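By written order: A, B, C and D. Residues from 1 in each chain.
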Amino acid sequence: MDGAMQEDWVENARMIVDSARAIVPADGSLDRVRRLRAKGAGFERDVMAQAGALGLFLMRVGEEAGGLGLGLRETCELARVLGGGLVPEPILSTILAGRLLQGALPETVAAGEAVMLTAWQDAPRSLDWQGGLGGGRLSGRKVAIPGAEGADLFAVTTAAGVAVVPADAPGLTVTAEPTLDGGRLGTVAFDGVEAELLPCPDIGAAIGEAGLVHCAYLLGLSERALAITLDYLRVREQFGRPIGSFQALQHRATEMKIEVELARAAIFATARRLDTGTGGDAARRGIARCRLRASSSTMRVVREAIQMHGAMGITDEADIGLFVCKAMVETGFFGGAALQRRILSDLLDQGDAA
Amino acid sequence: MDGAMQEDWVENARMIVDSARAIVPADGSLDRVRRLRAKGAGFERDVMAQAGALGLFLMRVGEEAGGLGLGLRETCELARVLGGGLVPEPILSTILAGRLLQGALPETVAAGEAVMLTAWQDAPRSLDWQGGLGGGRLSGRKVAIPGAEGADLFAVTTAAGVAVVPADAPGLTVTAEPTLDGGRLGTVAFDGVEAELLPCPDIGAAIGEAGLVHCAYLLGLSERALAITLDYLRVREQFGRPIGSFQALQHRATEMKIEVELARAAIFATARRLDTGTGGDAARRGIARCRLRASSSTMRVVREAIQMHGAMGITDEADIGLFVCKAMVETGFFGGAALQRRILSDLLDQGDAA
Amino acid sequence: MSTDYNAMSDADFRAMVRAFVEAEYPADLPRYALHRLHWSEVKPWYLRLSARGWICPTWPRAYGGMELTAGKHLIYIDEMERHGCARVNDIGPVMLGPLLIKHGTEAQRARFLPRILSGEDIWAQGYSEPGAGSDLAAVRCEAVRDGDDWVITGQKTWTTLGMDANWIFILARTDKTVKKQAGISFLLVPMDAPGVTIRPILNLERDAEFCEVFFDAVRVPADHIVGAVNDGWTIAKALLGHERVFIGAPRLSASALARLRLQARAGGIWHDPAFRDRYVTLACEVEDLADLFETYVDALRDGRPIGADVAMLKICQSELYQRISDLGLEIAAETAGLGEPPDGDIRLHAAATWLSARPTTIFGGSTEVLRNMLAKAVLDLPS
Amino acid sequence: MSTDYNAMSDADFRAMVRAFVEAEYPADLPRYALHRLHWSEVKPWYLRLSARGWICPTWPRAYGGMELTAGKHLIYIDEMERHGCARVNDIGPVMLGPLLIKHGTEAQRARFLPRILSGEDIWAQGYSEPGAGSDLAAVRCEAVRDGDDWVITGQKTWTTLGMDANWIFILARTDKTVKKQAGISFLLVPMDAPGVTIRPILNLERDAEFCEVFFDAVRVPADHIVGAVNDGWTIAKALLGHERVFIGAPRLSASALARLRLQARAGGIWHDPAFRDRYVTLACEVEDLADLFETYVDALRDGRPIGADVAMLKICQSELYQRISDLGLEIAAETAGLGEPPDGDIRLHAAATWLSARPTTIFGGSTEVLRNMLAKAVLDLPS
């Protein structure tokens, strides 16, 4: 990679992140996040509209198709900012829809006027996305869709391509369950729903990329959770000293920092490799590794964050709790850690010379 | 278990431990252990004779067969003392021979005049003991026998019973490799060795018991390694303070202590259960659990012991190094940790009502 | 005088407890609940235990208790756990009662014990303060003598189920001039006294499990002190007897493991070798802990003293409980963050287990404070 | 002036290094050795590198070095590692040379640098003392000015391959009246000076890898000081440049992982799902570390400053190396403690890997000292 390209992505990422600041309060306030909990679909349409207006949904749409044609690094930087702010809007899901549909992404969606979410996952603990077809129509179900009840449209992956269906299509049912972060996790069921299937040559790759981008959301979350915990360690006193002066906590805090830095390095190196041509098994391996690291480092950070906050860590009133709950909800997405290890195990003998 | 029985074993164990003090220096000196390294078979016949004179080899021979008829708890207490002194003599191997042969244990062996070791293991990473037969004679090999070159006789387990063979029997070859503790780990190969097979109804159980007793050797080793490390933490100064005053090391030291205490509790509770009638899968499960705990706690203790000793921990001159090397040699006996977990996994659905 | 349960054989006693529990545990109360239930929910069960004379298993029979030995008490606990009985508001039976029996006046015993037995009084504990979580002796809540009253001003926090209580016992500073442990007294305060205010604290599931209690010049009569003035720290420290052992009992870990097994079966990964490798390791740890626990129970049974090393049990149990719950959350994957139990089965609710495991390393002596103590008192490491 | 290697393309440079190594690495030297080799063994390889002008890759060309950029230096290291070249006695090329170039006098450079380049002088490092392992500034070895000489009395220890060296550089206390970092000087001492005694220290495999060096009124001329009197601590601390990054390179972990794979195959457990579950976790950690390492190499390449946070690399690499070696030891089971490689193949020798992993968390800044430093310098936690 030459210097010019390097600069390109850094500059692009900076612009994207700057624009995302419109969504994530500069002062770090989590009031909106707190207020939105257990309300409606779990997100605000206004904010989706704002994201649309900023062009975020066009990030992964190629320039030839009228998009921004940005890379995974830029998208990861965006996701990181969103994670740091615990933004509940399903922006990444719409970005994935754009990545899948390219020029076919409806203009209303791109502009943020209509909300389109991607419904790809056939079952929990699996990365299967090919289901959802039966007798030439959509049938079956797609799971694990945050905010599903707030969607106007779904981009549905199937073995035969991507279907765009309105949420009120006959035979389509959305159900959802409350999650600990105050959001709602949806399932979309199809009972012979008519839909046009748009061809997409690399659905699996696109979903893999979305899994990587989501790692960056977790990264942002854990970076901020670590920062909040370090602040607490500096000010909270016990036995007449700030608790951050106790060596046992200091050593554990350095471990949290290392976890976060490893996640950051792995995510952006993998994004760079994918941006610069890595695909196939190498990409799958890299993504699985990032998911493993991002989920384990996030859970480690929030576990330690609770412990270091003491009793405050298990209350609803301390902000750290918002990060804990969000981590519980999000770290298991894209199949969970056990699946990642299985994928990596299965890939062990691929490309293995000996 | 009533109070009287409880007292019995405690009293018996006390006597056995007292007698073992004749072998393990009261002042904790490791001079003999150090001196013996890389010399001959790795142990002293005199000490085996002493153990015989103390009756140790008759511990697990029933009273009706002229033995002491003692239980596993007493044997574990003995092993614990031997482990604490890093005693290199293969006393436990001869006790196992007594357990297998009962009244058929040669008097010269019982008296410590001849050294008999048990050759049971068919292969590393396995608990198979049934091999070693071919065409009515001993054939094949038995592995992982510490001190094998110093044996006069072997008790060899086979599917058809236990064979007693002299080390100089035609067709029997002993080979050995040096181990890091200064001992030698032997393999006995049989090329059509003639031998009488003595029936033994519960060879597998006896080997399981020996595995449990060996856990107590590891326990003694790790208890002493912990004590040495705590002593070092109390006196070694860095940055003008004893390093044992640093909270990070204190917390890790409590973890070592907990590991050792869990091992102790598990080993003696399992020994009690086996002494009071538990057998079959429950016994196998208990023994596998103890081996898992004893090996992991021992390795954890010695790993931390090295780190807390700093550079001294990796030198030959500090006593802690003797414990480290012994732990490396011994924790993997009886199949190793991975095998134990596999055994436990296989037993999961046994006796599982749901 | 009530029945001498200790005269029964263990087996008979167990059968009796089991039969009672199976017959009397209210059908509409949750079993194996992970959350503490409120008094409004658990009251019927408290009253049935009370009516049977079983609400205070460790109190002397002379005071209306069962006077169980450690061994019998363990069986009692076992059977309650086995049936999944909800924990009642037990601060009175477990903490205040034994304390009054040991340190109270005859008048205090006569006044308060019967009302605990009957369920008329529900007690809460007021030890922690906002500035002093791990450092309990850093009490700032103050009690000043004014005529025949103590006048209390200050704040307590992390009072479990405080909103259900009509009485609270607190540690209050009665002498600011001496070293911090020496100027603390133990006071009894009615929750409806003028100047007492309660603010619930929501936990991460947004249940009001704890509360803050504010004291604004609250007056209580002079005889509401237990023990001598300025001797409260000694009393509070000595409070826990058996509890120091039972707080490290393997039951939370064991039941989390059982739930993990059910969850793995329901999720179709029970036969996955990689999962099993992790599962058996945790299962062994639970059994190891149970064996270690048993050595302390044996000591209790034999009347041998329990040393500071018993804190190992609590460290071990709470961290193991958390690690088991971590694996449960991991295998739940996309369903890990659900707010409600899958299929309505609380045992399959990994998130609830995970959250319920968190406070165990914080309350009742944080793991860090216990490790500091072990390093000094047990390992004899220097300060 | 020698070749400007930095003008070559990376690919050409790599190909050149590889060709040289493959042609010139002595056939009778071990490859992928886990132990440090002695001078008697490794001398031919030193001399061939020296003859090629490649023994000092980072020195300026003006002084006889290759003057490689960080990127080129990485390629150089990569290719050495790839072939499994033994590490030479490199204290002169890596530590003393750069230090003299920066802080020495022209006379010192003229005298010592050529002899390092040629292999005539083999240097050893004398920092640690028996009382001061982690606390390097607690220097007690003393140098007193007497006429035109420094007279040195004291002891150094953990001097790697000290028995192979004819020179040693030491930190000595030259002012006892100031705070401990301020009274230290950096001195050069010939090993054959009267009063120098060496005692080898055996490691756990009973190899003499380190030694103690005793100084009994050893006299060196006044010009054997580097930098100003009492300024030795500053010089010693600034010594490590690139090295702070490279000490955290993933290569030790990566090669331990490769050996673990071979060992698992040889032991027949490569396809065991439980083993694989553990293996892939470690393999991912190695790749994560490699990615983190790369961010620092990028900074070096771009000439950006390296902060104190680089210590994370070393903590991470050394602990990971150890955890990989722990799994290797575990799967070796009954063969774990063998003193010699199974089938003579060092790569299958789990014990050797395990032992070689131990010092990495102790030397070069112990993990504990680095964590203390990170907590303060990077996380900004209070003292």
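As a working rule, a residue touches a chain if its C-beta (ideal position, glycine included) is under 8 Å from a C-beta of that chain, and two chains touch if they have at least 3 such contacts.
Note that the coordinates shown come from a computational prediction; the quantities given were computed from them, not determined experimentally.
Ranked by separation of Cα centres from subunit C, the top chain is D.
Chain pairs A-C and B-C differ in how many C-beta pairs are in contact, and the one with more is A-C. For the pair subunit B and subunit C, the distance between C-alpha centroids works out to 42 Å. Chain centres here are Cα means. That of subunit C falls 54 Å from that of subunit D. Centroid to centroid, with C-alpha atoms defining each point, subunit A and subunit B lie 53 Å apart. Each of residues 272-274, 276-277, 368, 371 in subunit C touches at least two other chains.
Within subunit A, residues 246-248, 250-251, 341, 345 each touch two or more of the remaining chains. Against subunit C, the residues of subunit D that register as touching in their complex are 272-274, 276-278.
Residues 230, 233-234, 241-242, 244-245, 247, 250-251, 253-254, 257-258, 261-263, 265-266, 268-270, 286, 288-289, 292-293, 341, 344-345, 348, 354 of subunit A are the ones touching subunit D in the complex. Listing the residues of subunit D that touch subunit A in their complex gives 261-262, 265, 273, 276-277, 279-281, 283-285, 287-289, 291-292, 294-295, 309, 312, 315-316, 368, 371-372, 374-376, 378-383.
Across the complex, subunit A meets subunit B through its residues 246-248, 250-251. Interface of subunit B with subunit D (complex): residues 121, 124-125, 143-144, 177-181, 185, 237-240, 246, 248-249, 299, 303, 306-307, 310-311, 313-317, 321, 324-325, 328-333, 335-339, 341-342, 345.
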